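Both of the next two complexes hold subunit A, though its partner changes from subunit B to subunit C.
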Partner chain A sequence: MTTGNMWQPVSLSHSIETATSAGTRLSGEDLVVWRDNSGIAHVWEDRCPHRGMRLSFGFVRGDHIACLYHGWQYDTGGQCQYIPAHPDLEVPKTIKVPVYLTEERAGMIWTTLAADAGPLTVPADETGTVPVQSLYVDCSADAVIAVLESMTLAPFSAGRDAETTISAVNPSLYAVSSGQDRLLIGIQTITDERTALHVVISGLPEVYEGGGQAHFLSWALDLRYRIENPPKKTFAVSSRAVAEVL
Partner chain B sequence: MNEKARLVFTGHLYPEAFVEFARHRARRLDIVLDIASADGEAVNVTVEGPVDLLDAFEMACSLGPYDCLVLDVVRTAA
Partner chain C sequence: MAALTLYNYELDESCYKVRLGLSMLGLTWETIAVDVFPGKEQTTPAFLAMNPAGRLPILKDSHLVLSGTEAILAHLAKTHDATGKWLPESGAAFALVMQWLNFSARDLDATIAARQHSLFDAPGDETALRAASAKALRVMDDHMTARGFEGADWFVGSGATIADIALFPAFALSRDFGIDHDEYPALRRWARKFRTIKGFMTMPGIPDYH
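And then the complex of A and B:
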C-alpha cells in the first residue's frame, strides 16, 4: 500500500528534458514536474495562485517557470517574483506555489506530499540506468504489485534459463533480476484506480541502449497486458449436475 | 508605496461567504483588511497596501464568491 505521503516516482528522468514541464498526479493531487535550465528537477502543486491555471501548461525560462495565462513568474522555491501587468510591484511573499521535496534517483524523479517524509531510501545509481518506458494502467498499485511478483524475466545479456528474482527496494520500487540483468520498476499511485509504472534498466547505456531497451519494453508491455487482463475464473461443473439441470 | 482605501461592495450578498472570500484574498495579497460592516446588501471594508494590490483586491471582490452578485463598487480614499 502506497500513499502520497511516501516517496514515489512521478516520472522517468529522461522524460523531463531541461527547460520543459509536464503534469502528473500523485494520490489524486495534480502536480507539475519541471526541470530548470541548470538541470534540477522540481515538483510543485500544478496550480497558479492567481487564477488556478495549470503551471504544467506554462513555460520554463532560466530558473523560473511562468504561467501561460498571465505570465506570473515563479522562482525555484515557488515564490512569485514578477507579475508582467505590474512590473514595478514588489510581489508579496504570500503569493507562492506549494512545492514538494524532490529527488532524482534510479533514473526517476521522486517526490512526496509530506514535508516530513524522511530521506528517500533508494540507493544512488552505481552503474547508471537506461530508461525503458512509463506505462499507465487502470488498477490499484496493490494489484500491479500482485501481478509483478508473479512475472518471470528472460535476460537480455546471457543465460536464457536464468532464474528471476523480485524484491522490494522500498514500497514504491521493485527490482526484477535475471542473470546479469536488473530492471527497476517505480510504482506511482495516480489515484486508487490508476497507477503508473516507471521502468528502467540498471546498467550501462553502451550495453542496453537499443536492443536491451526493446527487449525489456516487450517484457513491460507483457506485464501491462497481464495486469489489465487477469486470468478469468473457471468453474468445474460435473456432468451429473448438468444432467440434473437438463 | 502604501495607500489606504475604503471599498463598499453592494449587490445581492451572503455576508459570511463574502467576508470569508475577502479575508482569503487579502491574506493572499498580503494587504491589511478591516471589515467595517457586512449585510445582505452591502459590505464595507477598509484596505491598506500597495496600490496595485488594492486594485487586485477590488477586482477579485467585484467578482466575489459564486453565491454573491456584486452590482457596484465605490472606492474612496480612507
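And then the complex of A and C:
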C-alpha cells in the first residue's frame, strides 16, 4: 500500500506557529511544513531547487519562505519570486517547488502525496480541539495501531470509571473515548519503520487546557512506553512440572 | 586586564554556553582565543595549570580561576547578576535549576561527544552517541511540552535561568551531529523564545536567520 497517497497528518497545528517551518517525512519523502504570516499552513517538497538545501532550515517572511543558503524566496504557490543575488531579475516560472494538498482538520495539518486524492474524510470539529503531543516511535504504523487498540483511557472529566472505546475514523485517524472525554490520534507513516502519533483532545479549551492536557500527556507517554517496550514473551512453567523434572 | 577573562574556542559549545551567559547577563569580558583544533593547546602545561582536566571553558574572575561550564554559569549568576533571576534563590526553583544543570553536564555529554565525533573526528560510537543524544533531547521536549500546559516558557520558573542557557546549545547545534529539529516541537518553540532574550548571540552552526 502506498500510504503516502492517503491523507495523513504531518504535524499538530499547534506545533507550527505562524511564520515558522519544520521538516517531516511521509513514506520516506522529505517535506517542509510551514505557516505563513496570515496563518495558512503549507506542505511542500523539502528541497530548494537551487542547491537542494532543505527549505525546513529556512525562514518565513510574510507570505514567503526563504532558503537558508542563498535567500531564494518562494510564494505560497511554491513559485520563486526573489533571488537576492539578482535583485532585478524577473525569476523564471520554471523555478518552482512541488507543493502538496494541505488541510487543517482535527487540530492537525494533513497532506497527501497524491495530486488527485479525494477529499479528506475527517469530520469538522464542532467543539474544537486541544493539543496534547506528537509521539515519534521506531516501528510500523500497524504495530502502533495494535498497541493503541489495547489501551485503556482514564477519563479526565468527572465520572466513574468509564469503558474505553476505540474506533477508526479513517485509516489515519483513531478516536479513543472514555466517559465524556474523547482523544483523536492521527497516524503518520514516516517510513515503514518509523511512525508519528499526533494526539489531540476533542473538546473545548476552557475544559481541557492545563489539567486536561497534563492528564492526557501522561496517557500519551504511557502509550509511547508500551509501543517501545512490548511485553517479552514469557514461558509459563508450573512449579509442579519443575518438581517432576528434579 | 578586564575582571572577567574567558579562555575560549569559538567552535566549542561549552565555551558558547559561557559566552551566552556573559552576554545575557550584560557583562563585559575579555576573550583569549585558544587553539583547540588542531593545536590541543588546552592540554599544554600553561592550561593544565588552570584546569588539570585539559578542557575549556576556563574563566578568570580577578583571582578566581574556574573551569566546568555549569560551575562557571552558576558563579556568573551568583556574583554578577544583581537581579538574581538567572539563578533563583528560592528552594524549589534553585533545586530545579541545579537538576537541569546536572542534566546538562551528564546527559547532554552525549551530544557534545556526538558533535566532536562528527566535526573533529573524535573517537566514539556514532550510532550509540546519536541514540543517547536523541533520548536526552526527548527528555527535554517532554518536559517543555508539559511546561507549555502550565503556561510556562522556560525550563524552571517564570523566567529564563542559567538552566536554559546550559541546555540551549545541544538542541540548537543538533544538526551538526545528524539530529534534526523536526521531532522536538516544544524545543523549537522554546528555542525561538530563547533567541529573543537580550544579549542572545549565535555561533557557527546556529543560523542568524530563523
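In this section, the second predicted complex is superposed on the first by the 232 of 246 C-alpha atoms of A that agree within 3 Å, B and C clash if a C-alpha of one lies under 4 Å from a C-alpha of the other, contacts with A are read in each partner's own complex, and residues count from 1 in each chain.
Keep this in mind: a contact is a pair of C-beta atoms (placed from the backbone, for glycine too) under 8 Å apart; a residue touches a chain by one contact, two chains touch by 3 or more.
Nothing here was measured: the structure is a model prediction, and the numbers come from that model.
Q: Label the relationship between subunit B and subunit C on subunit A in the superposed model as either fit or clash.
A: When both complexes are placed onto subunit A, subunit B and subunit C end up side by side without any clash.
Q: Between subunit B and subunit C, point out the one touching more subunit A residues.
A: C
Q: Return first, second, both or neither, reflecting whether A:Pro49 touches subunit B, subunit C, both chains, or no partner chain.
A: first
Q: Using the superposed model, measure off the angle between the directions from the CA centre of subunit A to subunit B and to subunit C, in steps of 10°.
A: For this superposed arrangement the angle is about 80 degrees.
Q: For A:Glu90, select first, second, both or neither according to whether it touches subunit B, subunit C, the two together, or no partner.
A: It touches subunit B, and subunit C stays clear.
Q: Could you say whether A:Asp142 touches subunit B, subunit C, both of them, or neither, answering first, second, both or neither?
A: So A:Asp142 meets neither subunit B nor subunit C here.
Q: Which partner chains sit in contact with A:Ala214 here, subunit B, subunit C, both or neither? Use first/second/both/neither.
A: Touch partner of A:Ala214: subunit C, not subunit B.
Q: Which partner does A:Phe57 reach: the first (subunit B), the second (subunit C), both, or neither?
A: second
Q: Rounded to the nearest angstrom, what is the minimum C-alpha distance from subunit B to subunit C in the superposition?
A: In the combined three-chain model, subunit B comes within 24 Å of subunit C at the C-alpha level.
Q: In their complex, what parts of subunit A are in touch with subunit B?
A: For subunit A paired with subunit B, touching residues are 49, 86, 88-90, 92-95.
Q: Can you tell me which positions in subunit C touch subunit A when the two form their complex?
A: 142, 145-146, 149-151, 175, 180-183, 185, 188-189, 192, 207, 209-210
Q: Under the touch definition given earlier, write down the residues of subunit B that touch subunit A in their complex.
A: Listed in rising order, the residues of subunit B that touch subunit A are 27-31, 50, 52-53.
Q: Could you list, by residue number, the parts of subunit A that touch subunit C in their complex?
A: On the subunit A side, the touching residues are 11-12, 14-15, 17, 20, 22-24, 56-57, 59, 66, 68, 133-134, 136, 196, 209-210, 213-214, 217, 221.
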